[in-house]
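Here is the structure we will look at, set down as structure tokens.
When the chains are written out, they are named A, B, C and D in that same order, and each has its own residue count from 1.
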Amino acid sequence: MEFEESGIGEECGVFGCVAAGEWPTQLEVAQVLTLGLVALQHRGQESAGIVTSNGASPPTYTTHKGMGLVNTAFSPEALLKLRYGNLGICHTRYSTTGISELQNCQPFVVDTLHGKIAVAHNGELVNAHALRKKVMRHGVGLSTGSDSELITQLLAFTPPMEELDSPDWVARIKNLMTETPTSYSLLVMFKDVIYAVRDPYGNRPLCIGRRDAINHKKRNNMDDTEGWVVSSESCSFQSIGAKYYREVLPGEIVQISRHGVKTLSVVPRPEGDLPAFCIFEYVYFARPDSIFEGQMVYTVRQRCGRQLAIEAPTDVDVVSTVPESATPAALGYAQQSGLPYIEVLCKNRYVGRTFIQPNTRLRQLGVAKKFGALTDNFAGKRVVLIDDSIVRGNTISPIIKLLKEAGATEVHIRVASPPIKFPCYMGINIPTKEELIANKPEFQDIAGYIGADSVKYLTVEGLVSAVQEGIASLQEKDNISSCNKSSRKVGHCTACLTGKYPVELEW
Amino acid sequence: MEFEESGIGEECGVFGCVAAGEWPTQLEVAQVLTLGLVALQHRGQESAGIVTSNGASPPTYTTHKGMGLVNTAFSPEALLKLRYGNLGICHTRYSTTGISELQNCQPFVVDTLHGKIAVAHNGELVNAHALRKKVMRHGVGLSTGSDSELITQLLAFTPPMEELDSPDWVARIKNLMTETPTSYSLLVMFKDVIYAVRDPYGNRPLCIGRRDAINHKKRNNMDDTEGWVVSSESCSFQSIGAKYYREVLPGEIVQISRHGVKTLSVVPRPEGDLPAFCIFEYVYFARPDSIFEGQMVYTVRQRCGRQLAIEAPTDVDVVSTVPESATPAALGYAQQSGLPYIEVLCKNRYVGRTFIQPNTRLRQLGVAKKFGALTDNFAGKRVVLIDDSIVRGNTISPIIKLLKEAGATEVHIRVASPPIKFPCYMGINIPTKEELIANKPEFQDIAGYIGADSVKYLTVEGLVSAVQEGIASLQEKDNISSCNKSSRKVGHCTACLTGKYPVELEW
Amino acid sequence: MEFEESGIGEECGVFGCVAAGEWPTQLEVAQVLTLGLVALQHRGQESAGIVTSNGASPPTYTTHKGMGLVNTAFSPEALLKLRYGNLGICHTRYSTTGISELQNCQPFVVDTLHGKIAVAHNGELVNAHALRKKVMRHGVGLSTGSDSELITQLLAFTPPMEELDSPDWVARIKNLMTETPTSYSLLVMFKDVIYAVRDPYGNRPLCIGRRDAINHKKRNNMDDTEGWVVSSESCSFQSIGAKYYREVLPGEIVQISRHGVKTLSVVPRPEGDLPAFCIFEYVYFARPDSIFEGQMVYTVRQRCGRQLAIEAPTDVDVVSTVPESATPAALGYAQQSGLPYIEVLCKNRYVGRTFIQPNTRLRQLGVAKKFGALTDNFAGKRVVLIDDSIVRGNTISPIIKLLKEAGATEVHIRVASPPIKFPCYMGINIPTKEELIANKPEFQDIAGYIGADSVKYLTVEGLVSAVQEGIASLQEKDNISSCNKSSRKVGHCTACLTGKYPVELEW
Amino acid sequence: MEFEESGIGEECGVFGCVAAGEWPTQLEVAQVLTLGLVALQHRGQESAGIVTSNGASPPTYTTHKGMGLVNTAFSPEALLKLRYGNLGICHTRYSTTGISELQNCQPFVVDTLHGKIAVAHNGELVNAHALRKKVMRHGVGLSTGSDSELITQLLAFTPPMEELDSPDWVARIKNLMTETPTSYSLLVMFKDVIYAVRDPYGNRPLCIGRRDAINHKKRNNMDDTEGWVVSSESCSFQSIGAKYYREVLPGEIVQISRHGVKTLSVVPRPEGDLPAFCIFEYVYFARPDSIFEGQMVYTVRQRCGRQLAIEAPTDVDVVSTVPESATPAALGYAQQSGLPYIEVLCKNRYVGRTFIQPNTRLRQLGVAKKFGALTDNFAGKRVVLIDDSIVRGNTISPIIKLLKEAGATEVHIRVASPPIKFPCYMGINIPTKEELIANKPEFQDIAGYIGADSVKYLTVEGLVSAVQEGIASLQEKDNISSCNKSSRKVGHCTACLTGKYPVELEW
């Protein structure tokens, strides 16, 4: 399923870059930031923004924001405008509301008593409403409904107020973290430093990459480092020549500067609480080549497919996929079941969000516009089709019709994740409860409803075990200092599947 | 001289509208606001914005802003979006900095503890720097350099803080007015009310208009009123079918609602200070059909022309104008001197700010692109050419060359205002002191410098008397309650001509 | 009246330029062509096109066309693309149909057996229908309905066919002129030559300008000439530093090259036929600083105003104008009548063709959007308002209402041209016969219909005499060789006023 | 390889639709044409055009063309404009030259003596130069360099000229086909008929689809037919609810009207010549779900992969693909070799043609922007990577580097088509001979050049047999009348691989 059809979407991606040594040169910083954004484009297509800093005292910040994809929002002129920075942060945003305006584009830059700060945020504050009241009670007017503006104002006025000449941003960030438990992965840029912050529950991802000098004759020590990047997902590192360094830990505040990466503080969770990394990052949002908790997303999806084959086997001739996101799960299903893997659908890569509103008769053909049937591959055969999720149930139905008309004798659906039943308040846009197929009466006979010969979902337990089994063994490889490693625990947020939220919701 | 060439410019125009009775219907409010903006377009061409309110409790505000002229910034779709309001305020902005962004577009809307307010502002706070420090010291982050955002934050946190359920906006506005003496004409919209505010010195204009029912069989009492409008200039009233009602007085806070217009307070100036209405509104900025202090701007300009003929007569054959803004002064000069008035220049109305950057040889032809010489009207004659002002001196020179080449035997320049010598800190964008021709060595022999046979300016005393002589006799006609009328004094800001600023400048 | 409101419009403007000696350099040719187009913008605002030639053998032509005003259609990149030419022709087009497409933009370039030619055309072929049939009967497909494409195909196949290596373009142009009597002013570019052609009736204007070297120490002989330009109107010469040289005569084919200007042929009219230069070029279309038949358009309009004062005097207090096109006539009326000239209307120069479609109530305010009343100038007075023409009668009415509401005691309308009653088939877009106010029953009581106290028009005889009285005496000044001068006769097309067409119309 | 990177590209796609019975309704015709174009978008992304006809006598044609992808070129307004047709043809164009203008967009519409015709063309006339000369010698001017305009003019004047009232379009088309042997698939629309024409060599594809009534209770006879479509590729049929009917045969002229499909003529090839269907349609251009000569393109590509495994086996651990076009061949290679198929690359679907021009250091990272490595799938393994073709060799190299850096111990390249060595003059845009890697010295050690452990290509014989082995057995299924079927022979153009062109090239 594509995001636009399922109605489920990530809210944002954040990315930052600090040039160290000779790399990146000033011009390169804007390019690196842009390439980083392009690699995070799947996390948000509504708007994009970059803020660069020249690192001076006082710093000069340069900002460019635009609607649409990165390629649309950033012209060569815009990049040129940004070239004087040697560090910067950027953001790509998903349209959660339909009402989207340039005004809401991140990063936000505000002038404070101690100078200007820039903030980029991925997530959603569970107690945003109460925090807004608090800020406004202090006499601050808020010009947007954005959590990110709220965060900037909280950082601006948070007591204790230090002496004018020495702002203690870390104290302010820590204070912010005591005010709101989750969810946020945050980049705060001040002068020549980026603070990378992940909420105590680690709900949204954030990781650090390093770029070594191209010609490094010396041993691989810090002196060879040309620069540091920080990103929502590690998939962005390859595209700018950097390598995965490590994750920012839940609750950690990391300072990134030309002098390197330093943990300033780790804000703890309440006693007994586990981390709550969003399990749907694995299932659905992340690019398959990204690494979370030491494991590649593709591998987890493949493992989900294997688990699905164990939980929900089928007596069919071939296994196939709804391209492209369900392919790893389909290959896993095929490997586990021993059934041959084939392709049954061919995707028209030019079909995007289109204005064309066909009449009812033509709308029945909707999916055929996007997919063509590879008829000869499956005519006369029984097919099990793997999908990564079924959210509203309105796109799988025409695909099944297409396959049956093209000659499939049976079409069974296996879904590599459990049914979504509950809203998310931590940064994911999910259709209303009423729109979710799992909450509709039709779900009782979903196979009949969508025209399949059978439909089965992965269990929550199956999903959690497919995700977590890889972590323990892999943790050793992780590039984390031993003191941190010992305190690291495993836990995932499955609220949209189970209704169990990691923190109580205040409204 | 056109604004774009002289480099002198107004910063803004503001406009508001409240529907009373049956007019304007909801759809009409957005149209009335747009037409009002179009009529104020000469006060700012960079961007335009409208905020409408449905007047409900809590109110829903709808905002649209865009870059460029009103016609560019507001598509039919944008207007449709705004149709649910029955009151609204809007703003058109002049680019003072070259760096212009949608982010700086007014009106600003902020959410406060007491609900959302919208603010549109014309002017410039003389103590902006100190006020920014004060706001930030309170812990507020400021996201733009705009005075208008500063005003919204001052309104949001200004003590005394009232009970939550009953915000006292008037007290907050009065408090704001004690914090900053000038210059501002301000519209503050809250729910179903617009507060129209003019600073105690009355530096920027603001006036009120009323729209009567089209079919009013009854006597013209308040019951016939269909709606109220408030505007930087009265020229906008004709275009929406409203009539001039009265000026907002210096220091006055007027409440405009569907129930009518009410003076809530008049904040006084320091003992002994006179009002300081910007005299360049008469000379240069305002549309000639606007009314200030009871007199039509066109009439004042004509009077300046007459005064100029008295102060600086010439022995020539014909009087003419640099179209179109100097025409009233030229006609006044002709009437006073008895010389015949003719046209010598024809303007190409399709020449705007153009991208075409001709090489040096073609640049010498620059003015000829904009003006054609009406050769047969003046060949072989001596011409006195009236201009409204000479700011940088780089546009009059090629006009003189054009006329001489076309056969004028003599070209004398008479300027219907005194030389500009000083910067303005109250809302007018004036070239740097160094750019002003009056401060350059060339000014000693300006006639030689620009190629004229003689150049003379109106004196400051001549200008002030031309402006003020019409006011006394006309005040009686003004539609102001008697208590206010008695307290009304006459005074004008001539700082850019004399260096005498109405208040001390804090930096 | 503005074109857009009256619904009457010129179809096109043409302009060409040949660099001679050192001027204009290659880069300058594109700039000169663009500036020429900007000066002809009033003749067409729909689209613009430029074709330059490098003059080589075979030549390379570069083309750029775009919709909208010249400034919109030509970006700096487009100009750069055109820089390699040292001669070129260009065209600006008026939307006559509402259906406008880039495909119809001129100039047209076609490849023929003898190489590529480029054609720009102003006018309308009276026998276009028959010519299309003829061309298609020859087996040619026509891809547009444009006369200009028809002309290019006629030039391409017209017999006699010469030897392949020596195309005789002049013979082909002469042949074209025998096929169609009128109306066309034509520029045909081939390699390094522009042929400037005017139809035998001289219905559309065309004239030649010369640019002398800036530093010409030597006597003003041909060696000093830097380049030649050819244009629909001489108003474009000032803006590129050129001087009026002479008109192209009716029926004349002029060759313009770097070697100068040469008459190749003059195709005669049928015995007894007079020239038929469009009289509405004087009344309405041309820029006032243009020169036709040796006289400035402004002067003719002023003379029309004088004649109108003789034919239709009024007992009023003041004379005024509907700005800006009627101002010369109004000044003429004032001079002749001895009445004082004042301004009563102030124009909002930012009001263009706007998308805003006000509802009925607001539409009644339509004109007020464009004009403001200068109330104090005429309140309590009787006004005679001069307009240049009344075509459909729907714009003068709200102006009268505006003036009366603002206090004019009487408003009399005097129109400086006769009523338009008949269609034009020679290049002018006129509303349908039914739309013309002069053909409506309301015309019987037009004063009552539009709300004026009286309405009078200039007579056809009055107009013709105002136009022709200046020509005889002025002809001597004209820069035409004596042989041509002797054969020059005076005659004007008044078909839209009288229904007498210069040639029989074939359909 | 993607088209944009390899520099190899199809020139066009054509599509047509005739409504029969009740389907498609008028509005639907424009939608069907648009959806058809979207499905052919891979054949051309530069511009798109639609012409509809209302089928009346004389017909009204409506045209819309635009630059860019179909979604960009066709707004809802444009579609609305086209809604009055009940038949139409359309075209999508590939930019072969870099100089692209709206003027070159197809379909071309020309007015002829017998009425207007519209023409859409896929292909390239091998004797275009000689034909241009011929047309121009007849006295026709050509306004573009397009073969399609040339075809329209040839159709317009081609003798024998019939009586005026009865144009014999078929005779004209047959005459055209005697003038030029190849390559063209052509749609000619006249009034209520579309003529679908394929050149005698069948170089470009063209096939017919039928749409049955949705509720067809009656047996499937012609009465149930709701409409006919004709398309470059059958992949477009699914997206509009139509079914594959049959191919247009080499040399065939098919008339499509509301009354059905009728063969009017089959123009023969010279004695002894075989058909010459472009073999690269199978290898590269066509969508995998399209059907040519009775076989699905996907199946042929899979067969190429199998053949490649036979011809060029490798001793490795896993088989993978350069997504997405090489996947069928990779799966075929895996099936034949028994090696496991895995994914090694993840594609960023948001990377398009981008303006970003990274500096040299960043350019080295170019491919990583587009592909991410699925590290864990292949680290420590030997990989054979299947590509569909290597044209210039500049994109596979960084992919190999990416895989090796991510841990692949060996990377072997197998290419599922032979090296391209010669230019195509029949409609395919291929880089210059010098740019083709197969003609460079580096080709001698291509593995070393691109950094692979080995590189092998499919042989020409292997490709031809993989293509042709499926045809014989499948022909029986084809929906062709028996007389035609008997005459059908098999043959393919391999000119770009072998230098053997199907016809002599005239220049």
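Here is the rule we go by: contacts are C-beta pairs under 8 Å (C-beta built on N, C-alpha and C of every residue); 3 or more make two chains touch, one makes a residue touch a chain.
Here is each chain with its UniProt name: A, B, C, D = Amidophosphoribosyltransferase.
Please read these numbers as outputs of a predicted model, since none were measured by experiment.
Asker: In contact with chain A and with chain B at once: which chains are those? Just list them.
Answerer: Intersection of chain A and chain B contact lists gives nothing.
Asker: Which chain's centre, taken as the mean of its Cα atoms, is farthest from the centre of chain A?
Answerer: Using the mean of the C-alpha atoms as each chain's centre, the farthest one from chain A is C.
Asker: So what's the Cα centroid distance for chain C and chain D, whole Å?
Answerer: For chain C versus chain D, the centre distance works out to 49 Å.
Asker: Rounded to a whole Å, what is the gap between the Cα centroids of chain B and chain D?
Answerer: From the centre of chain B to the centre of chain D is 62 Å.
Asker: Just the number, please: Cα centre separation of chain B and chain C in whole Å.
Answerer: 38
Asker: In chain C, what residues contact two or more other chains?
Answerer: Where chain C is concerned, no single residue meets two or more other chains.
Asker: Chain A touches which residues of chain D in the complex?
Answerer: Where chain D meets chain A, its residues are 27-28, 31-32, 34-35, 38-39, 41-42, 45, 69-71, 74-76, 79, 214, 235, 238-241, 287-289, 295-296, 298-299, 324, 327-328, 331, 341-343, 346-352, 354-359, 361-362, 364-365, 368-369, 372-377, 402.
Asker: Per the contact definition, I'd like the list of chain B residues that touch chain A in the complex.
Answerer: So the residues of chain B touching chain A come out as 102-103, 108-113, 117, 132-133, 136-143, 145, 149, 152-153, 155-158, 161.
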